[in-house]
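Note that chain A is present in both complexes that follow, paired respectively with chain B and with chain C.
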Partner chain A sequence: MNEVPLGFLELRGVTKQFGEFTALDDVNLSISEGEFFTLVGPSGSGKTTLIRILVGMDSPTSGDIALRGDVINDVPANRRPTCMVFQNLALFPHKTVGQNVEFAMKIAGVAASTRRERALELLELLRLPADFYSKRINQCSGGERQRIALARALAFDPEILFFDEPLSALDFRLRKTLEKELKDIHRETGKTFVYITHSLEEAMVMSDRIGILNHGKLIQIGSPDDIYNRPLNKFVAQFMGEVNTLAVDKAGTGKVKDSTTGSMYEITESGQEFESGFMIIRPEVMKIGNAADALPNRIQGVLFNDYALGSRIQYQVRSADGENHWLVERLQDDPFSGNAGEPVTIGWRAEDSILVPS
Partner chain B sequence: MKSFSDWIRQPGLLNAVPVGLFLLVGFAGPLVLVLLYSFMPPKTFTLNQVPTLENYLSVVTQSYYISFGWSLMLAVITVALLLVITYPIAYGMTKLFNRWATLITILVALPLLISENIRLFGWVLLLLKNGVIDGSLQYLLGVSLSGLLYTVPAVVLGLVYVYLPFMLFPLVIGMSMVPDSLKEAASDLGASRLQIFWEVELPLSMPGILIGSLLVFILSLGSLAESKILGGQVIVMIADDIESAFTFAQNWPKGSVLSVLLITLSLVIIFFLFRNIDLDRLVGRR
Partner chain C sequence: MKSLLQRKVVRALIVVWTLTVLLFLYMPMMAVVMASFTKQRYFRFPVNAWDTRWYEKAFESLSVRDLFWTSFSVALLVTILSVVLAFFGALAFARYDWKGRKMYQRIILLPIFFPQAVLGLALLLWFSSLGITTSWHTAVFAHMIWILPIVTLIMSIQVYSFDPVWEEAAYDLGASRLQVLREITLPILSPGIISGAVFAFLLSWGNFPLSLFTTGADQTIPEWLYSKMVSGYTPMVPTLGSLTMGGAAGFLLIAFLIVLAVRRLRAGKPD
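Showing the complex of A and B:
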């Protein structure tokens, strides 16, 4: 699945229990050096527990964490060569920006002049003007604080940098900017980044590989392309955003049958065993109107409503039998000309049907 | 620039009028009276005399510096001892004891419902010659500890005991303002427990430490009962002298001079302590 050598940071059978509750259930994972790995999961999936264990603020009930082959389960956070950017950033409010960035170096006993030099370098790397050095934390905006927290962590010169949803409190535009910046900084520093988020979209933008976590289990690990185009189950497929989902059974070569209505649909054989489960079709591959006429999979329905999504427009179509609501998306500069309430045909190609087991 | 009529009609100012009047009559008024009396001739009870500096001169030339010295020294010792004693308790209450912290709060606050003098007389019973401690030791071990009461350590014990809540609660509040995530972040960046304490916990709980110290310092400086009840005649604190001047000696102007000097001393110390310290800035709120 990945060409780079694995085994830089390894998790073997990591399980964490809080009383009766299993927060992490036999997590096995191997992260390679220099990789940008993102763990994605909904709230309560165990991702915060996992990152706390990785940083050393918590220990697993069973299983091992190994860095470069050495088991580090019992090494406390302040002795681990790793560092985390906190969800609330945890900047020291009584220290200046410079003092915050220099904290790890001060602890390590680095000379004041060297510290200052390095801090100024890091501020520059993070696109912060040098006069921020003597500013107070509460004089900085949300995005600036974000960069200061990252600079403070980089100043520690960690082997691995962990991120606990640091962008979740920012507004949409700033988040988009910082996602890209973070990816750039990953490139520039060459460090191993392990990021956790509840947003698969955010993970897609930045990551080399993504791990999907649900109910304490790692469900799928793969590149953004794998996760998007080859989801292993319905949960992963639906986690990305709105999709059309249909319960289907296998019905001969290249065909599946709708479990409730009995309608037949064409699929492309992937070589994987499939008996029954779900067929996933993403809204952006669906066609509507004349464009759907020549397609093998077609559904007659009524256009119910349309929603502007920015670069795209989403149409909701209710099938004639009333069983399903279908979502179709088109580019914003290529809108569909039908009116709400009118009958319409929608369809998709056989190769756009994604089959996942139930 | 706002005109005066606009300024006077601000709702905040109008709302502050009742409490302002109350403070004027109940707090500022008596202070002004004391200040005026300090300039009246000795042993007068009226304010319509020709002002004089006679009382100030007589206080300075007499040996009042001794009682000022005792008060200052005991206040400093009390603050220092209470910092050492209450810091671990406050730490436990904010971080370790969880629901037991409520019980400790109640146990510490409960004695405040009983008069200070009665509590101090309780200590007298304990420390007295042939009292609870001395008598028990004599009976059980045959040793006598008869010289516990009427000593300077007994006065210090009384001060520490009486003012403990005034140090403990501000410290608890100060410490609970230090978020756990900051300590975790410091640890993650390599800091040891001691480094976390110096770099994060201590500076961020400084407002609580300063307020507690100030409360205890001012209260100890003006304390009277501890030295009288537990100290006997071994030392005289300045509040004792002030009381004697107003009551026994019937010399209000002299008592006023001593009061003015005590208030001035407190103000000077507060000024120097807080001159370079901005509490909000200390914890990064400004």
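Showing the complex of A and C:
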């Protein structure tokens, strides 16, 4: 999305050790100016450690962090031109909304009238009415607090704005609204956003690029499209949600063999080396019933059950040999007319198989 | 459902009970105040001849002024020292996890459970064996041994509800350590600091057993009250007693007004 020179924020071999435990293992990353970059990982993956190091509240055991080419490892948090929206927001309870937003400017010695003007501008940018200025924090709702925390961070005018899962405590609908708002704010301000979350779905909505972190290692960096359609391994593929996974071995050009049953499946050669590993097929590309008849990869099974997922319906099919459960999804307005217990055919196209090494 | 009559009876009983409790609590103090306004030389109840001359005498008397200043100096110094020490002590044990933290917590609270007379005697022995002449200065030290743990405890309650992430956020927004202390830590902890200070002052102001052993030639108001009760009673005793109580009440009122003013100032205009 953003055509900007690389190397705005650069991580080189960043490693963090807590005693024997390695929280971050040789993380290399380059973030561009104006980018919305999201680090995704399950809890314990090291993402919180990484963001604390980036903000300046912790230092790496080894490796360098550079901003615009200057190594900033030893620059403390209050001297870095970056700031963070905390997981619990950390709004100051003894200050009004206005005082919270103005805090960084007050510290910087900005005149009171200028501060007020800027604070009101930011409240407007974040769609908060001006009368919030004199409200107390405990009079504001969860969503309003999110916006206040963002306004407070923007008032600092940071070069990079970090986010430590600030939306995780909110209910589903509000989270969805705020994800989109955040993306809009990113576009309006043009600032560099670095966001961490455990939800790849959340990352997909907002990010220009996504980095997947697991056990302190950066596994894959790429656009949401890359991560979704070209996962580098099984962990990344399964992180997004439910997928059909099959252990396979290469069996000649354009073919793989199921490692347990020996069934053959067609694939599209990607030019990538592959000997053995996993074949991933996402449920939404699977076909069921008549639609599967003409497909090269077919499996005979029995319809086990169906589950409504909102916009889609998921069908669970047990393969005839009893080895596997398969998931097939169809749009909610295009349901499959079959009953549980009936035999069905399911299938997928050769180009829909994603191969990842084991 | 209870009947109207039943509810009325219950309410009347509650009122009677509350009044009884208040009577038992405050009647003795009222008696002291009444006794201070008597014309007679000796304590008699009920009072039948009223006079304010003992108050005039008290305000004129130089020795009363001395007593007041000794008590006030001790209480003020104890308040300042224990608030400062307890602030850092409370931060240390309510906020950070370190080896021996639980032990520290227990050891610092232990003096509260010693009988104060024993503690005072022990300190006196210790002072004399070290060759320290006791005066109101040593009393400050003695008071602190007993008061500091209480103040630490009061403040730590506030510190427990303090989220260190507020400090991190302020630091991240460019504040120096000192600015964080001034803008975040102190204001948020101020209710605890104020109530700690109030307790420190009042506990020191009214303390008798520790002062008795450790003030040496100096005398605080409670000490004087006791010595005059034992021998040489005059209505000056209830007079000074009433003034001490009045002083404590006045101090509480001032502290309350400060808290109220701070709260109003904060809610009102932006800083």
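General observations
We adopt the following convention: the second predicted complex is superposed on the first by the 354 of 358 C-alpha atoms of A that agree within 3 Å, B and C clash if a C-alpha of one lies under 4 Å from a C-alpha of the other, contacts with A are read in each partner's own complex, and residues count from 1 in each chain.
The rule is simple: contacts are C-beta pairs under 8 Å (C-beta built on N, C-alpha and C of every residue); 3 or more make two chains touch, one makes a residue touch a chain.
It should be emphasised that the depicted structure is a prediction, and the values quoted were computed from it without experimental measurement.
In this overlay on chain A, chain B clashes with chain C.
When both complexes are overlaid on chain A, the residue A:V55 reaches chain B and chain C alike. When the shared chain is aligned, no partner comes close enough to touch A:G241: not chain B, not chain C. Judged by the touch definition given at the top, the superposed model places A:I137 against chain B, while chain C stays out of reach.
Contact with chain C, but none with chain B, is seen for A:R116 once the two complexes are overlaid on the shared chain. Of the two partner chains placed by superposition, A:G7 touches none, neither chain B nor chain C. Contacts of A:A90 after superposition on the shared chain: both chain B and chain C are touched. Contacts of chain A with chain B, set against its contacts with chain C after fitting on chain A, overlap at residues 55-57, 76-79, 83-84, 86, 88, 90, 92-95, 103-104, 106-108, 136, 152-153, 156. On the side of chain B, the complex with chain A involves touching residues 179, 181-182, 184-192, 195, 199-200, 203-204, 282-286. Interface residues of chain A, counted against chain B in their complex, comprise 55-57, 76-79, 82-84, 86, 88, 90-95, 103-104, 106-108, 136-138, 152-153, 156. Residues 55-57, 76-79, 83-84, 86, 88, 90, 92-96, 98-99, 102-104, 106-108, 112, 116, 133-134, 136, 152-153, 156 of chain A are the ones that touch chain C when the two sit in their complex. Those residues of chain C lying in contact with chain A across their complex are 163, 165-166, 168-176, 179, 183-184, 187-188, 266-267, 270-271.
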